[in-house]
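The same subunit A turns up in both complexes below, where it pairs with subunit B and then with subunit C.
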Partner chain A sequence: MRWAPRLLAVGAVAAAPWLISALGWRPSYLLQLAGLLPILIVAALSETIIAGFGGQVSVGQAGFMAVGAYTTGLLAGSAAWPWVASIGAGVLASIAVAALVGVPALRLRGPYFVMASLAFGGIAYVVATNWIEVTGGPGGLRNLAPPAFERVGLHPDVGVFYMLWIAGFGTVGLVAWFRDTPLGRSLLAVREDELAAAAVGVHVALVKSLSFMMSGAIAGLAGALLPLFVGLVTPDAFSINQSLLILTQVLIGGIDRIRGAIVGTVLLLVVGELLRDFAEFQLLIYGLVMLGVILFFPRGLVGELLARRPARARMAG
Partner chain B sequence: MLAQVALNGVIVGSIYALVALGFVVVYRSVAMFNFAQTEYYTLGGMLFATLLVVGGVPFLVALVLTVAVGVAVGVLCERLAFRRLLLAQAQPVNLIIASIALAIVLRSIILLAWGPDARRVPSLGDDPIRLAELLITPQQAFIVAATVLAVAAVALFLHRTRLGLALRATASNRMVAGLMGVPLTSVLALSFGLSAGLGALGGILVAPILLAQFSMGQAILVKAFAAAILGGLASIPGVIVGGLVVGLAENVAGAYLSSAYKDVVAFAVLLLVLAARPAGILGGRVDDKV
Partner chain C sequence: MSAVLEVRGLVKRFGGLVAVDSLDLDVAAGQITSLIGPNGAGKTTVFNMLSGITRPDAGRIRLAGADVTGAASWRMARAGVCRTFQNPRLFWNLTVLENVAVAIQRERSLAGELVALLFAERRYAEEARELLAFVGLADRAAELASSLPYGHLRRLELARALAGTAQVVMLDEPVAGMNPAEVDDLMRLLEAIRRRGPALFLIEHNMRVVLDISDRVTVLNFGRKIAEGTPAHVRTHPAVVEAYLGGAREATP
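Entry: the complex of A and B
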């Protein structure tokens, strides 16, 4: 366990709002980006669990995000629940949906699972766009007020920023803990060889469904954080492209590593912002990067770097 | 009313079957799913629209040219995106990701080249012919006829030629097939080219009735896949039945339930089939027999 980089990360995030305003260069834009980062990391970690630890590529994570986002948006908006409770309910709703979808998903492998996840994401998107009485249709849910941080003397943007990062750090910790639980280790065993895992007593179906719910919960959390962050929920945030983006993030960094998800997300966010003027080329570049990574560095950037470190350093790390 | 809805279902379903057949051809030679398959369908629709409308090329020439370009693009994509992984016996998950990435690349290129607007494509005729109680336009009749021809040709090729046998042997075991003298690289090029050509043909047929647009492939992906799965992946009659079932299900649901949720029906059919019968309606075990 190396605590120094973690403390550094927490310190950097805690100081970020002041650093950004001290810097004085487009402060609201920078704070926006820095607040978006934990949401994207949480979304990426949901894919790390299912695709990295579980070996099942999902292109429907945006569907779980939609469930979390709409549940939270409805509760925090028209039902006027407190934000933390709304977000919790959003996560619970996505766990419930994951349990439901998990019934067919349990039996599926490889391309079948990919398609099932795609179908699920597609259904979520169509429902979000067409169930106007509940979701508000293409216009979505709007004008969601952030928590009253003024009462504790914080600017709402800064308060929300901290809430997002608490969720982000919490999720990183949760996923790291999950990987080392018996459940997480069983999942890795199932990924390597389902038959062998079953032979040594792993309850394959249970492990798969619990992990699927875990992944759904985390994707749901990422979605639930969105209305807190932007104050609205619209269907286009949950299109198939969002799911593909999540997959690209974890793939670039390294699909089966927490650090991979973080590095990939940061890289993609920065590159995406730099290429903002070339928005029409953005998806093309992501696709080419994905293809290049899978052809030449299938372990991702982090995996590749770790593999090149001398063996002794790796043992120590 | 129901009979007319069913006929429309059959017409759309035959397009699904055609695209699904492209999935099956690749699946039968390399046992992988090419998620970029429906982008060849988009390419077919867009290129055909341009040749016909902008280029003023005669109908049949445009059709042949478009299918030829589709085949060439399919061969090129296999070479650039898949061969390295296929020859290295890469993990299936990497092949899946590579094909997803390829789909993104192709879709982006099509979007950059043609822009986001839908294009109208002249059809062979929109004045319906009365067949008993049913109405069918010449274009719709052409869709069904062309699909039947293409499917029959592919079936003959796979089961009656040495090259078809080589394709099926490669699916069974790539390495052993190679040792037995099957020219691996040409088999790979052939199956990816053939499947891309089928996709492009699907796009050509559908463009006059549904408009050609960069997103048309993404819209059909789940449905064509559902058709392929329903048919059990390995069998050609199965694919046809699968395509028809999906086409019928969504048209009946669209007519009697809600047209907004028409697409959801296809997705739900897929999820249900995956849950209940992962090997398809007609499929037994998917693997093994060459």
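Entry: the complex of A and C
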């Protein structure tokens, strides 16, 4: 993936609002879907870091999304902060929570880490539902006005759409950069062989903590973008289902690749919309899709495709 | 001759078994020291203690005069005690260059480390490239470690062990499983490493290698040092002959 496809992606996103309105088929619905996509991709990339690069599967990413979403919602709503500052604060709050949770959780491995992450996600959900004075309880935070895009001659929906995609592209770039920093590479080394990594001088605990904070920051960003997107924050967006959905996205596409997260997210979004009329069977079908992928494409769809081509170096330069 | 690594009274017990029993040992800079002994003599346990993987139950380990007894593995590596493993433990899904770059971590302060972890990519890559050229793997930098032939795995592990500020490079059976030509190549590489500066400390069963390149040999049996000295001295030492070939009585049919 060199420059041409990247420019194509940016161009497609820039032109999307016009294309959608020119198409004339349910424009607001399509724009909604196209705006949801970057949020879901950002959420999936948080799992790519912790599970794909770090080898520690988390089923609690929605917990970090909740931290980001409520922080941003409270600041942009009742505190009337500007949106960008509110989103930034949401990300910082997620980093802080990741640092707190990470210290004990990262001592655990394999299934024990999975269970700890599950517990964290569950606690976040319960707090969001029951701490009514702050979170508004099941009703959540409502009536959050979008930024005043009218002043620059943009429809608010279109302005928000662009903001979401800027965050989405920025996160893709951030994760790609992270992968090739000494930190990202050390994380991969720890995943491959923790004992050998320590034996060559990798500070395993520090590398794991920093990476966990990076993953938490990105999940928090995905959460912080939600109130901007839908104008409200409700706890049901951060249930265990959301965490499982994030994991499914990266498993389908390929857990240790950025492209895997993107492809898996697009597939799941499209399939999910096609199955909207069969809502009660949705989870069943996701489950079957996941089973099929794990059985027949254990490296994910993207991983499997790449494995059939001659390997291309990542750090050749 | 100055000892860069000094071991005094080192003990490791596993339950009732004394795996290493009050071992004294010196590894000198610019020399090749070998640790030999029958299977189960405690050689790998000594390596594991020196590289911070297992904690000694008693005794002292001093590196260039500083006490490093019981330090964590990554601290040992940064202090300059680096190792290879009996079965190569590489980062199989990383490229050859990345395998070495990971090992170039020597920052002492947390702030320095944070900056290096995020922004020192280019410096690390350059150093890694230089090390790969030294071990003769420069042209395979971009391949995945898992795609290397067996003889190259040890070279890559050596490059990784030399990264950072290696003062002592410990090799656990470096020529195991190699054909004679590969053994000769590796011995030349070990000589080249010795000229580069660090002390070499190896466990080896191949006596040709041990007798050819070692400056000093220490012999362990049942966790105890039974002989020490030049290869010629150790080869004819009665306790060594007995440990390897059995006592005089068992030797006669």
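We take it that the second predicted complex is superposed on the first by the 308 of 317 C-alpha atoms of A that agree within 3 Å, B and C clash if a C-alpha of one lies under 4 Å from a C-alpha of the other, contacts with A are read in each partner's own complex, and residues count from 1 in each chain.
As a working rule, a contact is a pair of C-beta atoms (placed from the backbone, for glycine too) under 8 Å apart; a residue touches a chain by one contact, two chains touch by 3 or more.
Remember, predicted model here, so these are calculated numbers, not experimental data.
K.L.:
May I ask you to decide whether A:L244 touches subunit B, subunit C, both, or neither, giving the answer as first, second, both or neither?
P.N.:
It touches subunit B, and subunit C stays clear.
K.L.:
Figure out whether A:L210 sits in contact with subunit B (first) or subunit C (second), or with both, or with neither.
P.N.:
Only subunit C is touched by A:L210; subunit B is not.
K.L.:
Touch check for A:V175: first (subunit B), second (subunit C), both, or neither?
P.N.:
In the superposition, A:V175 contacts neither subunit B nor subunit C.
K.L.:
Under the stated touch criterion, name the partner, subunit B or subunit C, that contacts more residues in subunit A.
P.N.:
Higher number of touched subunit A residues: B.
K.L.:
Is A:L188 touching the first partner subunit B, the second partner subunit C, both, or neither of them?
P.N.:
second
K.L.:
Where does A:A128 make contact in the superposed view: on subunit B (first), on subunit C (second), on both, or on neither?
P.N.:
In the superposition, A:A128 touches no partner, neither subunit B nor subunit C.
K.L.:
Touch check for A:L108: first (subunit B), second (subunit C), both, or neither?
P.N.:
Only subunit B; A:L108 stays clear of subunit C.
K.L.:
For A:L164 in the superposed arrangement: first (subunit B), second (subunit C), both or neither?
P.N.:
neither
K.L.:
Flag every residue of subunit A that touches subunit B in the complex, lowest number first.
P.N.:
Interface residues on subunit A, with respect to subunit B: 51, 55, 57, 59, 101, 103-104, 107-108, 110-112, 114-116, 118-120, 122-123, 126-127, 130, 240, 244, 247, 251, 280-281, 283-284, 286-288, 290-291, 294-295, 298.
K.L.:
Quick check: in the complex, which residue numbers of subunit B touch subunit A?
P.N.:
32-33, 35, 81, 84-85, 90, 92-94, 96-98, 100-105, 107-109, 111-112, 218, 221-222, 225-226, 229, 260-261, 263-264, 267-268, 270-272, 274-275, 278
K.L.:
Which of the residues in subunit A end up touching subunit C in this complex?
P.N.:
180-183, 185-186, 188-189, 192-193, 195-204, 206-207, 210, 311, 313-317
K.L.:
If we count contacts the way the header does, which residues on subunit C are in touch with subunit A in the complex?
P.N.:
Touching subunit A: residues 51-53, 72-74, 77-78, 82-83, 85, 89-95, 97-99, 101-106, 110, 113-114, 116-121, 124-125, 141-144, 147, 160-161, 163-164 of subunit C.
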